[in-house]
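Have a look at this one.
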Amino acid sequence: MNPIEEKIREEAKRLLDEKKVDVVIGYETGTLPLQTAPCFITSSDEIDRLVWNPCCKQNLAIYVHSALSQHRESQKRVKPEDKTDKVVAVVARGCTSRSLVIHLQEKQYNREDVVIIGIPCQGYIDKNKLEAGVDGLEVIAGSIDGDAVKVETSKGKTELSLIEVTADNCLECRFCNPVIHDFMAGEAIPAYESDDEFAVVDDFAALPEAERWAYFSAEMNKCMRCYACRNICPSCYCKVCFVDQSQPEWVGAGVNPSDNQVFQIMRMFHMAGRCVDCGSCVEVCAEGVDLRKFLKKLDKDDLDLYGHRAGAELDKEAPLSTFRENDEEAFIFEPE
Amino acid sequence: MQKNPYIPAPVKVEKIITEVETKDIKTFRLTFLNQEDKDAFAYLPGQFAELSIFGKGESPIGIASSPTDPDYVEFTVQKAGVVTTALHDFEEGALMGLRGPLGNSWPLEYLKGKDIVLVGGGFAFTTIRSLIKYMLDDRHRADFGKITAVYGARNPGLLLYRDELALWQERDDIDMHVTVDKGDENWTGLEGFVPTVCQDVAPSSDNAVTLICGPPIMIRFTLPVFFDLGFSKDNIYTSLEMRMKCGIGKCGRCNVGSKYVCLDGPVFSLAELDKLTPEY
Amino acid sequence: MTTETKTEKWEPRIVALVCNWCTYAGADLAGISRLQYPPNVSLIRLPCSGRINPFYVVKALQHGVDGVLVSGCHPGECHYISGNLAARRKFAFLQNFLNYIGIEKDRAIFTWVSASEGEKFARVITEVTEKVRALGPATKLIKELDCV
Amino acid sequence: MEAKLIKKAALGEIVKKIAGQKPVYAPIKEGSKVHFKFLKKGESPFLDYANTVNAPKNLFFPQTETLMHYTKTARGSELVEESETNGEMVLFGVRPCDVRSFKLLDMVFDQKKYSDPYYVDKRERTTIIALACRQPPYSTCFCTSVGGHPAQADGADILISELDDDYLVEFLSPKGEKLVKLFGDLKAADDQALSRKKELSDEAVAAIKSHIPATEIKTWLDNNFEHPFWDSIHQGCLACGTCTYLCPTCHCFDIRDEAQGDDGIRLRAWDSCMYSIYSLETSGHNPRPGQKQRWRQRLMHKFKYFVDNYDAISCVGCGRCVMSCPVNTDIRKIVNDIAQLN
């Protein structure tokens, strides 16, 4: 057991035993090699399920949101004297904490409703990189040994370096430590200082228009509209998503290429100033759609135009919740 | 080759009757454009059909008319979703589609020779109306014993089929009780909730079957009344509602346990429902 | 809609989403002043540019229009004080994003036209029509109904 | 029944040859993922695959399918008469588990009272060529627990089994026999080949390491619709529906209309019991209001309701849902946990 894991368990045990929280949301070992699953611990007898390693990938903030909003919903028909509070503890890395900040900024719940067990994080193993690393074969067994990922496939054993299978968003992450926390399960670590965080955007933008469109439409054609990207995203918490509305019906129900594109454009557009680049949407996609290339553009505009990074500071307003008189308007058309 | 069960038959909206003061419930009388479609549409009271409006979609609605009036099919529809709103905007003469008949019917064979107690509440009176019209028809009346019916609505303005109700109240081959939760200045009939009226009417459970159709809250309070009167669960029938799409047991969503409401229902006895999961 | 654009005498079809308090009145003024401008634009009046959901722009393109124009009040002149300032940020993101994924910049154009700028309105429409005409018929994002 | 032998290297060319005559739906590799897709002209199928990401049900029951066209006339909206298509197709490279899924889907779509013409039509004009598993493709495979077999493909028209240097090709139905010519001048299989097939087949069965007590939990499911067990299994579930979309036996769909100007279509699109709006009624009432109820529905449907109705488990043990779940919710673990409660 690594020291961080140990501290997470200790803190979870304390919170549960002292009845400070109702549930601790963390990660547990999955049933498949090199995978973890979100877990929900309500009794300190179960704290040994909690783990922390580079296979912990999901951004757990969405579970905090759903637990608290479901609780609030359940309290609606309860007499005032019988109402209960619910406090959720969550194991949070940098990106998770930024998502929590967004929830707090958007008044989804109160700060005291969530206890943040902060984790210094060096990144997680990217499913797609791992898959490419073993040429699409199934990983039958795997383990992490220092900087090496040892995997076994039907074609035998191989070893990959951890850094080569670490997700791109993690390698460029400036928030390796949580931006807010109530407890830190480990010493803060230096952030990766990527030289050019937005190289992925600049390279893509440099391509001819037709090539950009060809890439975008080909990627969106892969989408099978399962909405896993939307459902894992902590910033996608609308009670009724626009794709589920029937009056008006914004997007057709079928996998029409145009509807796929429109769905993804609008979902991504909702992420303007709200995407923390946690990579969860990419990670959950069964078809491996390259969403990050496009989301990162919104990220870049957020920074370039409004000097803002999603969820980085609790008291700094998101770009689309505010404005300035002298905002950039070079794009406004003026006739000659 | 078997007929494609997804293709609706073309029908014309022959007549539109606004049923209630709030104008959000109308009865649509539909006639088939093709004789073969009309012949194929052989139905019994309690069945439903998919009303089909191209560009909007389909909506499953219980059939309100009786097969004893063979010239047309009627549906009483509340304006609620996309399809029903479009339907309410129709004018007489409009063309639309009809797919069915679907589902099972009220258990007519089982009801033969028995006393019948019908209980309806609010808007959910449509398939009971179909059954009443069927049973009161000269060709069928002798098949059934005493017919007692209790129908209630929140106020007189919300009662469906008011002319027919008045006619039925005149007749002596049906004991018709119409009640409202709260009457207005012109109301001379019963006032009170359906369960209470059932209690007062107190039909005998001897060789009798009751068919109950109404909002869940009404059903919840009416059932104990019938248990007290000695009705067994085999002799209490109701009609379920569920979100449906295909209507032919394929698309999946309307199951209650292993039964599909569209295929095995919508009519179930309480005894049958007890064997299913409580998800409806 | 899409077949129409493929005929030889193609004329650009443009949808303009405009604010009721400024651009719409500006269009009126252009009309009263008998100013000439191309007939390619269908005007849709909304209460404020702040009310214009960016989705409207995307949906218009999906339905096969060749260009979308969005026009509101000049900064500082919003009838609701700041609707246009909030809109400005949304549209900055939107135009950048649409262009980034490969949709021509001139398919979605944003501008300010006040109630007194009848002449500017006519010029905007003329120039926007020419810009869109130069791009040719829209081909991206358009929904073809039949599937499989 | 005929059984023949072909050299291993020859198979790809044979499939290409068939594809020259009729549309062939086969495994194709793009990037690191393998999908069932239509072979393009001159394209070779990818034979060295474990199984495909998507299930082959897509061929008979596409994710989106136009049911009918309509157009506006002076009288109102009317159906457009369609001309029927009926070309023959070939589905190549189906694993035995996926072949089994067709038998299960047939139970739903090909019924006496209501037969689904869209599914049945495509199903009838398709010849299924199955490829037996010499080894279970994945460690998550559990076909033998749900009535399947890695090397037998009841329902296939042709079964191809990998031997040492050859493929054994068995023509199992008249539909399959019609394709014999396209396989070229083949050597008849001798007894040695047949007994080698049997050996390998037994090895494949023995190699399956994943087992679930799928039939054993039926009694528990019959009696425990309400049980605290259901309170926890759904917690991590994102309600994304990936499991149902990739499942070879899931068949729920939605019917929608789409219009453009005066013309329109009625289409059907896959739907999923994992979605909140799936069972939401217009009134706002939802009989399955939470993910707990939806998860229970999915499990019950596969292991109880389907068994009640058709006497078969609606799962073929392909493991796609296990491998693709974004949060690693594992149906094998859930079934095993239920068995522990028994």
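Order as written gives the chain letters A, B, C and D; numbering starts at 1 within each chain.
Operating definition for what follows: a residue touches a chain if its C-beta (ideal position, glycine included) is under 8 Å from a C-beta of that chain, and two chains touch if they have at least 3 such contacts.
Predicted model only: the values in this text are computed from it and were never measured.
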With respect to inter-chain C-beta contacts, which pair, A-B or C-D, contains the greater number? C-D
By mean C-alpha coordinates, which chain is most distant from chain C? B
Mean-CA-position distance for chain D and chain C (Å): 47
Whole-Å gap between the CA centroids of chain B and chain C: 51
So how far apart, in whole Å, are chain A and chain C when each is placed at the average of its C-alpha atoms? 35
Two or more other chains in contact with one residue: find those residues in chain C. 143, 147
Touching two or more other chains - residues of chain D: 64, 254, 256, 258, 264, 267
Enumerate the residues of chain A that touch no fewer than two other chains. 252, 254-256
Among the chains present, which pairs are found to touch? A-B, A-C, A-D, B-D, C-D
Contacts from chain B onto chain A in the complex sit at residues 81-82
Taking the complex as given, what residues does chain A use to touch chain D? 30-32, 35-40, 58, 62-63, 70, 128, 131-132, 135-138, 140, 154, 224-228, 231-232, 244, 249, 252-256, 283-284, 286-288
Residues of chain D defined as touching chain B within the complex: 67-68, 70, 75-79, 108-109, 111, 113-118, 225, 251-257, 259, 264, 266, 268, 271, 273, 278-283, 287-288, 293, 297, 300-301, 304-306, 308-309
Going by the contact rule at the top, pick out the chain A residues touching chain B in the complex. 246-247
Chain D residues within the chain A interface of the complex: 29, 31-34, 50, 53-54, 63-64, 135, 137-140, 232, 235-236, 238-242, 245-246, 254, 256, 258, 267, 269, 272, 275-277, 290, 322-324, 326-330, 332-333
